[in-house]
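Chain naming follows the written order as A, B, C and D, and within any one chain the residues start at number 1.
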Amino acid sequence: MDKGKFRHMIQVRVRSSEIDWQGIVHNAQHLVYCEDGRFTYFGDRGILLDLNAKEHPEKVVIARNEIDYVSPARFGDVLKVYTRISFIRNSSFAFESIIEESSSGRRIAENVSIHVYLDTRTGEPKTIPESFRKKVLEYEGENVVIAWPTYLA
Amino acid sequence: MDKGKFRHMIQVRVRSSEIDWQGIVHNAQHLVYCEDGRFTYFGDRGILLDLNAKEHPEKVVIARNEIDYVSPARFGDVLKVYTRISFIRNSSFAFESIIEESSSGRRIAENVSIHVYLDTRTGEPKTIPESFRKKVLEYEGENVVIAWPTYLA
Amino acid sequence: MDKGKFRHMIQVRVRSSEIDWQGIVHNAQHLVYCEDGRFTYFGDRGILLDLNAKEHPEKVVIARNEIDYVSPARFGDVLKVYTRISFIRNSSFAFESIIEESSSGRRIAENVSIHVYLDTRTGEPKTIPESFRKKVLEYEGENVVIAWPTYLA
Amino acid sequence: MDKGKFRHMIQVRVRSSEIDWQGIVHNAQHLVYCEDGRFTYFGDRGILLDLNAKEHPEKVVIARNEIDYVSPARFGDVLKVYTRISFIRNSSFAFESIIEESSSGRRIAENVSIHVYLDTRTGEPKTIPESFRKKVLEYEGENVVIAWPTYLA
């Protein structure tokens, strides 16, 4: 992944409880760091904040995670988690994340996650609202690929 | 704790992800095992099953945990988690748990947890319903101490 | 994934602590279930048991995880986790996992993970030992693709 | 607990993955926050840093945790975790922790944990080294109760 495309970053410090018996961060923990980046991204952009309220007619679910473990993270490491939305389709969108060790810039992992907008009542995919596309487009600029719904074409 | 007072037991197998950098089960994980025992206890007794539904007028929260770590648990250990309700007061009740390694009977940990019945709307403690006391009393018999609400005395 | 190719299965019961604020199993937890299946697979085959001992000259690390979330798992669900080794290369091998809800057979998730054999001292990839290939081949039969090291060809 | 006695503090931000199905931080997670405070305390004081190295003749284990849940923490809350060593005996010592919501000062939880110094080879309790007492005494001053080993008396 090209770090130059990422504008959003959070820092996380590796806790002792996140270290496994091999002495490194457990492989499932990286997904937690990346999710933390995504939630913070949404919060910082002011989008999706009320989406998952119980009575909301829409929700977002995760459909897929891909993660490459490049090098191990250890206790006390301060990690930078870079987050961007790489594409938006009709009812789905993708996040990319890069995890780096902050002092050396050593790459720890790369993650791609696919998310789907659902109608809460029917459970069926639903067109992502205009406001979501707009806010992401404003922030990500030309780095996000937006495939507009075909019925709008 | 006297194991003779416990009637309810579940078995859990220690996962590799639950092992910390010292090569033993992480100290917060024991609380997860004990909670697993409590939820199974409730399920098996047919109580509190709908209690935490969103629209329910009551909920149960945990107010305190005490845990003594007697000996370490390791990857692959099959643990027996014994669970009992030791007392019920007006709006609170206590669980006790014993964790043992199943093949040797070696004691791993002992836990006491205190739980409080709340009115969901006011957030104030609420008298535990009669049906709850009855079901626990039927199951635990003389081993549970039930302090009936004083206003009933 | 074709379930007919899987011979190994474990059962896991979803704990309350594994449920997230959306009321479903958290997306990182699925990786824990699949890892649990892999470790049990190794234990049942009698391979790699001593591999990760501190003084061992070899270790296995995880290089990649891909997971598709097919449908949500909920508290109390009993899950079947099917595990197989799908290929072995010179110094890497792949696991596939299917997670199903046990009573309905509903598919919960599918996971592919890539693992690499390393020389502990140099940190460099190392040819997977003959004994490993043999044990997996005996168990998986024609369903595992074994690409023998090219220098042996 | 009297916050005036605490000199050490870390901040943690509640992650979405730490929220349970009730919409609040899971009860086992508080122990993770407090442990994070303790490890940071040790790191900041320059003590015990090498203690748990594999070949070290001593190790520290946790013997007991007591935690009172005062009020719930929620997603996005920034928490202050205050940490102090309250007493040191011959081979054991105690930490106290207070967790507060940072903006309001609302108390979330209070934790006491007891730790024991062990001889790695025999597994028996061992007198805590002079250097440990000294560094803690220098930092905590009169707020730490140090019961010197009786054989020194």
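Here is the rule we go by: a residue touches a chain if its C-beta (ideal position, glycine included) is under 8 Å from a C-beta of that chain, and two chains touch if they have at least 3 such contacts.
Small disclaimer: the values here were computed from a predicted structure and weren't measured.
> Let me spell it out: compute each chain's centre from its C-alpha atoms, then which one is farthest from chain B's centre?
With centres defined by C-alpha atoms, farthest from chain B sits A.
> Write down the chain pair with more C-beta contact pairs when B-D is set against C-D.
B-D
> Superimpose the Cα trace of chain A on the Cα trace of chain B, which carries the same sequence, then give the rotation angle to the nearest 5°.
The C-alpha superposition of chain A onto chain B needs 180 degrees.
> Need the CA-centroid distance for the pair chain C / chain D, whole Å please.
Comparing mean C-alpha positions, chain D is 36 Å from chain C.
> Distance from the CA centroid of chain B to that of chain D, rounded to the nearest Å?
For chain B versus chain D, the centre distance works out to 25 Å.
> Listing for chain C: what residues touch at least two other chains?
Residues 16-17, 21, 28, 32, 35, 75 of chain C touch two or more partner chains.
> What residues of chain A sit close enough to touch chain C in their complex?
So the residues of chain A in touch with chain C come to 21-22, 27-29, 31-32, 35, 52, 59, 61-69, 72.
> Which positions of chain C touch chain D when the two form their complex?
On the chain C side, the touching residues are 16-17, 19-21, 23, 26, 28, 54, 75.
> Quick check: in the complex, which residue numbers of chain C touch chain B?
15-17, 32, 35-36, 39, 43, 75-76
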